[in-house]
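In the two assemblies presented below, chain A is common to both, partnered first by chain B and then by chain C.
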Partner chain A sequence: MSGVLGGIYNTVIRSNGVFLSAIFVGAFATNLAFDTGSNALWDSINRGRQWKDIKHRYMESEDEE
Partner chain B sequence: MLARSGLRTARAFGSARTSATRNATRNASTQSEGAASWKNTATLSASTALAIGSCTFYYFQFGRSVHAMTPAEEGLHATAYPWEHEKFFKTFDHAALRRGFQVYREVCASCHSLQRIPWRALVGTMMTVDEAKALAEENEYDTEPNDEGEIEKRPGKLSDYIPSPYKNDEAGRAANNGALPPDLSLITKARHGGCNYIFSLLTGYPEEPPAGAVVQSGLNFNPYFPGTGIAMARVLYDGLVEYEDGTPATTSQMAKDVVEFLNWSAEPEMDERKRMGWKVMAIGSVLFAMSVWVKRYKWSTIKTRHLQYNPPVAPGKMNPRQSRR
Partner chain C sequence: MSVPTRLSTAISRQAARQTLPAVRAAPLGVQQQKRTRADASTSHAEFNSPFTRGTSGKKDTTVIPSFKKYRSGSETNNKVFQYFMVGAFGGLSALGAKNTVQDFLVNMSASADVLAQAKVEVDLASIPEGKNVIIKWRGKPVFIRHRTADEIKEADETKWESLRDPQADSERVKKPEWLIMLGVCTHLGCVPIGEAGDFGGWFCPCHGSHYDISGRIRKGPAPLNLEVPEYDFPEDTSLVIG
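Now for the complex of A and B:
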């Protein structure tokens, strides 16, 4: 455990520049992952209810006309 | 050690005996004052009866709930229906919104305005851009004054608001026996019971008013409407509209669709609000758990410390055990 922590300390935290960029990149990555995951969950809970689930019906029928 | 504890029991026993005798003497003295105790009982019972009586009187006079209106004037309480779109994690059913808008347009729009909804709001929620544009263009709107100050007519655009059936409220009243059909944009928020009330209202017209009900001429009987006499007649009948998606257009189906549509027009932000809401709850609970952990971490030194108190020993009063040492 201490080996892992020490490794993290030496690679990420020791240099301020690396630490700061790790925080920024980490924030963006977490945000992206959380949003993608939670939106996917939301869309699966509401499958078939939202406009994007039904719009193909009306888009296609227009192409046929 | 043994001898000392034996002594203590004897002393305790003795004190119990003395208190017993004391009690006995006191009892004897009260019994001799029998007349006074009868008076005490009577006074106590009388004041208790008075207290209960005055409380009852006060509640009877001021405590009961009062109703300014008769039940008929309040209107029948709407049934609570299990609306799918009112659940915490559910969006509107946009196919239902599309059907509901069709019902609004073909039935309600001849009397009710929907002033707060522009055509563009329909795009991406229940219509494609082209459909909404085509609908908007069917209506004429005033232009800005031209160089001569004349106001001309132009076809509608997506940014225009859905036109009202009457020029103004007075025209609306004049056409409906003096009753103004209210604007429907915010109607689910504007009525107690929201969706349940409007659904009950639309489907709640009996074949004929019950015996004994007084219905003024020009009004229709509806038990859900406060006062039971409503200027709007029953408007929804089975098969009144023809849904393009093949859903059978029963009265209750149309009422359900139009109510969901009216709920959307009152809260078009609901889908997004719920989606954001549960994300906030998710992140918030992680942050809360972390703050609990940090608090426990920071307090752990304080919570686990022990205080030890060694009383100073007064030189004169050494206790026997110490003196023996």
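Now for the complex of A and C:
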């Protein structure tokens, strides 16, 4: 346990630049994960009610023309 | 309930109170035992003062209490935890700041209805040679002229270097037969009249500016040539302005 944490401390935290970049990369990843996750949740709650779900019912006739 | 029975129950209750703590607190010091006996009816807590030396139980204010129980095993663990918390909150703050700025900028960009009107598509096949068409684009008139070969030649051969706003015809058109420009006079913003004026192009009735067949100012008060908007020909017979 201490070895793992010591490794993290020595690789990530000790150098300020690396720590700061890790923070920004983490923020970016969090942003991405949060957006993807919340969109997936929204889509799963509103399944079958959104335009992209029912589009094929109405767009078929237009394509045939 | 008679008086003797009440008295006997009170005595027995008192006895029970006193015997129980005495049994429990037997190994403790005399002082503490006295204290626990005094409030044994209300409290089960025991208090060991850290300000005592050894096991004597005697109070001594110069004793530094031991905080060994509260110390964590290693310094690295604490450091990693602290820096993790600092970094995590820093990251969340960065995220919040980024989203604030982004929302503010997105708020200033064009909305969907504006973007939908920003482009106009025109079918060029319906415009015969030598005819003008005026369409509305972003609230302004746009002149589209299908120029004849003679007009192209005339526009090309004009000595443009000596004009008020010198510009070659090839700079103003992408295809020589199609002249596309904003129908707003560069003087005070009137709409010029097509196929009029001294130079066979456009004539502004407001203050008498004459434009030639390439839309260049030739005579009158206007300072600049008619403006050419962004446009493109995605196919041979269609034109997209914007």
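We take it that the second predicted complex is superposed on the first by the 65 of 65 C-alpha atoms of A that agree within 3 Å, B and C clash if a C-alpha of one lies under 4 Å from a C-alpha of the other, contacts with A are read in each partner's own complex, and residues count from 1 in each chain.
Please note the rule applied: contacts are C-beta pairs under 8 Å (C-beta built on N, C-alpha and C of every residue); 3 or more make two chains touch, one makes a residue touch a chain.
Just so we're clear, the structure is a prediction, and the values are computed from it rather than from any experiment.
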**Prompt:** Which partner does A:S21 reach: the first (chain B), the second (chain C), both, or neither?
**Reply:** neither
**Request:** Once the structures are superposed on A, label A:N46 by its partner contacts, choosing first (chain B), second (chain C), both or neither.
**Result:** first
**Request:** Answer with first, second, both or neither: which of chain B and chain C does A:I13 touch in the superposed model?
**Result:** second
**Prompt:** A:I54 contacts which: chain B (first), chain C (second), both, neither?
**Reply:** first
**Message:** So in the superposed three-chain picture, is A:T36 touching just chain B, just chain C, both, or none of them (first/second/both/neither)?
**Reply:** neither
**Fill in**
As the complex stands, chain C meets chain A at residues 73-74, 76-77, 79-80, 83, 87-88, 90-92, 94-95, 98-99
**Request:** Would you pull the chain B residues touching chain A in the complex into a rising list?
**Result:** 89-95, 98, 124-128, 130-131, 245, 271, 275, 278-279, 282-283
**In the complex with chain B, residue positions of chain A that touch it** = 34-35, 38-39, 42, 45-46, 49-51, 53-55, 57-59, 62
**Fill in**
Within the complex, chain C is touched by chain A residues 1-2, 5-6, 8-9, 13, 19, 22-24, 26-27, 30-31
